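Each structure below appears as C-alpha cells.
Two complexes come next, and they have one chain in common, chain A, joined by chain B in the first and chain C in the second.
Up next, the complex of A and B:
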C-alpha cells in the first residue's frame, strides 16, 4: 500500500529544510492539474499559489484544498452551480480566515455536488467528479473534489461540508478520513447554506491526527455565527493518546444485521462482515462493543425526516439566488421573469426537484403533516441517541452498503432488499449535531470502504481518540490512491 | 351609510431607532446616500448569517410591556418566504410563532372619551430595501434592508376613522416617549395596513374583512377607511354585499380610493418556519424587571396629571403632550418652581410659535427652563413688567445671552450724581495712576472705568461713567 506524508511529517521536512513550502506548493499544483485531467476534482486551481513562511505552527507552509461552497475573498466561489458561475466573493468564510492565521496555502477550489445537495459527485456544473481509485466509480458527495484530491495525494487536507453525510460518505468511498465536529464548533459564516440546522463544516484528511490538527485550526466561536460556541478548552490534537480501554460503543442492530438483507449482494455481505471484523480491533484494545436495538419504525424515518427538513430549509436558503445582486442576470420582462429565467437555467434538475419538495412541505396546508412532524421525529431520534450516549461513548457503524457505486449505475451489484437505512444513517449525526468521523477500514473489489464513529455533542476529543486507536490497528492510515503515480 | 357598524383593525409598522440594524452591524440610517449603510448580509451574499441586536430586542420588550402584553419565556424568529426585488434573502426574518408581546391593551382618548384598544400582538422584524422606480428602470437602495421594524397588530376593535387615527397618533407619541422610534411619518418611519369590515348594528358576526395595504400617512388612513366603509355600505344597501370579497386592496393617493390587488384565493403562502440561524434564547425575568424601569410616563398619564394636579386646560395639556420634548420641557419648568400655567402659556404661545417660525425643535431651543425661570421669577416679584419680560425673552433668544444680563441692564445706575460720588472716591484712592495717565499712559482710562464697574457690580451706565471720567481727567 502506497502511503504519503502526514502534516507532522511534512512540517518536520519543512523545518529541516528538506523541502521548502514553495516546492510543496508547486508539487501540489502539478498534482492538482494531473488529477483534474483524470477526476475533474476542481472548479479552480490557483496557479499563482506561493509557499508561505514556515513557523513552529504544524500547518505553516502546507498546501490544501477548499470546497467550492466556502466563500473565499477574491477567488471564484461557485458552489458548483451555474447560478454562481462567475461569483467572486469579497469576503472569506470564518473557517478559511481561521486557517489563514496558520499560514496554510490554498491550492484550489474543489468541485462538489451543486450547493452540497447530492451524494454522488455527478451534479457539479463542471461535470462528474470521478473516484481516484477507479474512475468509472463515483467519488461520493457532496465533498467530492475534496475527497478525490486528498485521496490522490494532492495535499494532506481539504475542507468539506456535511449536511447529511457529505464529508463522511465521500471519505469512505475515497479511502480517507472525513470528520465533521459538533455543530457550531466551526463557524458556518461564509459557508453557502444548504440546510442551516443540519449544515456542518469539517475536513477530509488521510489520518485522524491530521483531522484533529486541521479542525483545531478551523474551529472557534464567531460573532458572525450565533450557533457557534466557545471551544477554546478543547484541544483535539493534544487529546489523542490512543488509550481507549474501558470505552463503550454500540451499533444499531436494525441497520447492520445481515439477516435484514436476505438478498444482499456479495459486496454488501463482505462490507458488513468486514465491519464486524473491524470491531475486533477495538475489542483487542479494551473497548466494549454492544449491539443495540432501536425501534424499526424510528430507524425507517431517518431518510424521510432528512429529506423533509433539508429540502424545506434549502428552498428558503437559496431564495437569495435570483441573479439580481450576484450571479448571471436572467433575461425577461420584469423582475419575476428575470428571476425565473435565472433559476430555471441555473439549477440542475436534482436541485429543482428538491425545491419542489421543500416548497410543498412548507405550504401552509402541508406544514404540520410533513415539516412539523419531521421536526418532531428528528427530536425523537436525537433524544434516543442522547439517551444511549449516557451509556456509550459512541455509535460505530459501517458507511453505506460497500464501496463507491459505478457512475453508470447499470454495472452495480444489485441488492434487492431495501438498503436505505444503511445508506442514510449518517444523517443521525446531522440531526443531533453530533461529532462524527469516518475512517477507512478495508477494501472490497480493490475499492476502499469506511467505518464511522459518532459520539455525543462536545465529546469530539473522545470520538477522535477512539477513531485514532482503531486507525492505528489497521494498515490504511495515510493511504493514497495510486492514480497520479503511474504518470509521473 | 351610517346604519352599519364599521369594524376596523390596524397593522402599524414602525421603524425603530438604533445604532445598527436588527440582524447586521450596518448603521441604521437609511436616509444617507443610497447603499452607504450595508453589510454583506443586507444584500444576502451567500454564506452570510444574521446576528441579533440586543438593543432592538430590549426596545421591543419595552413596547410589549407598555402595551400590557404577555411576553413569551423564550424568544426566537421565523422566516417569511416570498420573492420580491426589495427582499434580497428571499425571506424576511420576523416573528410569527412567538411575537415579543401578545394580548395587550392600551387606553387612548378620542374626543375626550377614553377607549381601550386591544392589541393582538407586537413583533420584531426587519425592513426591506427601498425601491426607486423610474420610467424605464428601478433602483434598489439597501440602506433600509434590515432596519428594525416593530409591527403592532390591533384586534378589530376600532369603530371609525377617527378612532383609528387617534390610536395611530397616540401610538406615535408612545414610540417617541419611550425613545423607541422617532416615529416620523414624513420620513416614512410609520406605515400602516388597515382592515375594514361593516356589519348591521345588531349583528353578532363580523362582516367580510377587506385589507388595505401600505397606507403611508394618517390622513390617508382616514380617507381609506372612510372610502372603504362607503364602498361596502353602498354595496350592502344595493343588496350586493356578496360582492364584498375578502381581499387585499391598495390605497390610491390620487383618487382617494382603494383598488383591488388580490383575492383570498391568490393570498400568498409565506411558508413561515423557524429561523434556524438564531438560536432560541430565554427572556430572563430579571431583564424584564430592568426594562420595566425604563417605561416612561405615557402621554395620557401626563395629560391627566396636567389637568388634574397642575390646573391646565385640556386644550393646553393636549398641545403639551403632543411631543415628548414639549412635555419634558414643561415638566422641567414646573420642577424648577415656575407656575404651571405660566410655563404652559410660554410653551404653547411664544415658544412653539418661535420653534415653528425658525423650523427648530426644543432640543435646539436656547431658552432652557432655567433661563426661562430667570424671567418669570422677576415678573412674579414685580420687578419687571410683562412687557419687559417679553422684550427680555426676545432679546435673550436673539443674542443667545442669559436673560439675567438684560435684567441687570434694566436696573443700571444712570444717576450722574451718584456716579460722580463713586468716581471721586476712586480717583482719590488712585493718585499715582492719575499721574501716569496724565503723563501719556492713556490706556489707564479703561482701568478707571473698570474700577467703577467693580464698585457698582457692573450696574453703572458705562457711557455716563466715561463722560464724567473724561471731564475729570482731561
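Up next, the complex of A and C:
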C-alpha cells in the first residue's frame, strides 16, 4: 500500500530512506497495469519510467499521472481522439514543465472524454473508462482516467482540465479531491484547447493539502499564455491552517431545495440530506452558512449558456484538426475529401454533434440570438456571483444529483429535466474563472459523493482552507477505492 | 420548422464532417432543447443592454514582451507528425488545376 499515502507522508518515507523513488515508481506502474485491466484508465503507461533524485522538495521522486490532453514532449498525446491517435508533441505543456522542475515522475497518460468534451468517460477512443468503486458505473468526465487512477491509489495525484466541471465532477464520482484554481493561475500553454475562455488546468488528489502542493508547483505566469498572471505571492500549501471561524458561505436555494424535485430519486434525496448534514461540520467550526435565492430564470439558462459558448469556441479551436499537417491522413481525391474523411472517421458522435451546434451558433445571422446573448447572460451570472462574494467567502453546493450513474444507458446527450440545474451548476465556476474545489463528503449505496466550494477569483487560499477545514471533520481524506486490494 | 435535417447536413458539410441519419436526428433534438432555453434569455429584462462577457477575468492585463527574435520550432519537428511530406514540405494532392 505504498502509494496510498499523502504526498507529505511519501516524502517523509523517501527522506528517511524507508523507500526509494524507484520502488515507488515500480509500485505505481504495477498498479497502473492492474487498474488498466479493470477500469481502462490509461491511454499510455510509461513502462520505462524511473525514479528521480529526492530533495527537500515535497514532490521530488513522486509518481503521477497526466491527462492525455496535456502536450508531453516525445510522449503520445491523443486527447483520447482518433484524430490524434499517433500524435507525439515536440514540446511539453508549461504546467508539465513546471512540475518537472520538482523532480516528479510521470507514470502514464490518462484516458478522458474526447478532447474534454463530455462528462461520462464514455467517448475516449480507447473505450469506456470505469469507476474504480463500481465498474458498472461511470468515472465521470472528462478527467476520467485521472480520477479513476488517483482514486484507486496508483499515485497521489494526476493532472486534469476543467471546462464545465471536468475535474470536479469525476472527483466526486470517484471519492477524491478535484481542484481547479482561478483562471490563468496555471498556464494553458500546451493544453489542447477546447473552449479557451472556459478551460482551466488543475489536479485530482486524495487530500486538500496534496491539491495545494500540486497547484503550487503547476502555477505561474507564462509568456506563452497571455491570460496567465503572476501568482508568486500566493502560497496555497503554506496558507492552510484550518482556521475558518467567522467565514461565511452560501448555497443557492433554487438548486438545492429538495422541494424543487418532486420526483426525486432516493439517491438524490439522500445526497441532498447528506449535503445539509455536511454543512453542520462547518457550522461547528464557526462558519456561517446562509441560503441565498437567485432568480430562477437566470439559473435555468446556465446549461444553455455553457453549451452555446463551449460548442462555439470548440468548433473554432478544433478547425485545425484536418489530418493534413498532423494526425492520420484521410483518403480522397482532393484535400477537402481527405479532410472530410479524417474528421468523419476520427471524431466521436458527440464531438460531431457539438461542432454542428457550434457552427450554427457562429453563423452571422445566429450570433446575436445565441453567442452574444450567451455572453451577456454569462456576465449577469458572474456579476451576481461577484456581488455575493462581497458578503460571502464562497458558494457551497452538492456535486451532481448523487453518486456516479450507470454506464449502461448513459448517452452523454443534451437533455433537459428538472434536475439539470443540479447537474450543471459547477459551470458557474468556469464562467467567472472562479477557484473551485470538490471534496468527498460521504457514501450513498456504497458509492462516493462530493461537495463543492467555489470562491472569488484570486481567493484560492481561502477556498482551499475552508475545504481543508471541512475535510478534517470527515473520515474521507485520502480514501482509496478497494479495486486493487485483492491483487496486492 | 426552424431546424431541419437539411440545415444540419449543410452545417456539417461546411465543417467537413459527415453525419449518420441517427446523428442528424439527435442534433435536431439537441438544437430544440438549446433553442428553448435561449428563448428564456430573450425574456430577461434589458438583456440587450448587458455588455457581452468576452474575457474570463475583468481585470486582465498583460505587458507585451520585447520584440525580440526567439528560437523557433524546427520544420523537421513539425513534420514528424505529418503522414505525407517531401523534403521540408507537406505533400497534398494538386489543388490548382486539379479535378
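Points worth noting:
In this section, the second predicted complex is superposed on the first by the 477 of 488 C-alpha atoms of A that agree within 3 Å, B and C clash if a C-alpha of one lies under 4 Å from a C-alpha of the other, contacts with A are read in each partner's own complex, and residues count from 1 in each chain.
Operating definition for what follows: a contact is a pair of C-beta atoms (placed from the backbone, for glycine too) under 8 Å apart; a residue touches a chain by one contact, two chains touch by 3 or more.
If you're wondering where the values come from, they're calculated on a predicted model, not measured in any experiment.
Applying the stated contact rule after C-alpha superposition, one finds that A:93 touches chain B and leaves chain C untouched.
In the superposition on chain A, A:326 makes contact with both chain B and chain C. Within the superposed three-chain model, A:306 lies out of touch with both chain B and chain C [touch as defined at top].
Touch criterion met: A:414 reaches chain C, while chain B stays clear of it.
Contact comparison for chain A: of chain B and chain C, C touches the greater number of residues. When the two complexes are overlaid on their common chain A, residue A:251 makes contact with neither chain B nor chain C.
In the superposition on chain A, A:79 makes contact with chain B only, not with chain C. In the superposed model, A:347 lies in contact with chain C only, and not with chain B.
Touch criterion met: A:373 reaches chain C, while chain B stays clear of it.
Of the two partner chains placed by superposition, only chain C is touched by A:183; chain B is not. Comparing the two interfaces of chain A, the one with chain B and the one with chain C have residues 87, 90-91, 197, 223, 226-227, 315, 322, 324-326, 335-336, 339, 359 in common. For chain C in complex with chain A, the touching residues are 7-8, 11-12, 14-20, 23, 26-27, 29-31, 33-34, 36-38, 40-44, 47-48, 50-57, 60, 62, 65, 73, 77-78, 80-84, 90, 92-93, 95, 98-99. Per the touch definition, chain A reaches chain C in the complex via residues 86-88, 90-91, 182-184, 197-198, 223, 226-227, 229, 297-298, 300-301, 303-305, 307-308, 315, 322-329, 333-336, 338-340, 343-344, 347, 349, 352-353, 355-357, 359-360, 369-370, 372-380, 382, 413-416, 431-433, 457.
Against chain B, in their complex, chain A makes its touches with residues 70-71, 77, 79, 84, 87, 89-91, 93, 188-193, 195-197, 223-227, 312-313, 315-316, 318-322, 324-326, 335-336, 339, 359, 362-364, 367, 371.
The touching residues of chain B, when paired with chain A in their complex, are 40, 43-52, 79, 81, 83, 85, 88-91, 138, 140, 269, 271, 273, 276-279.
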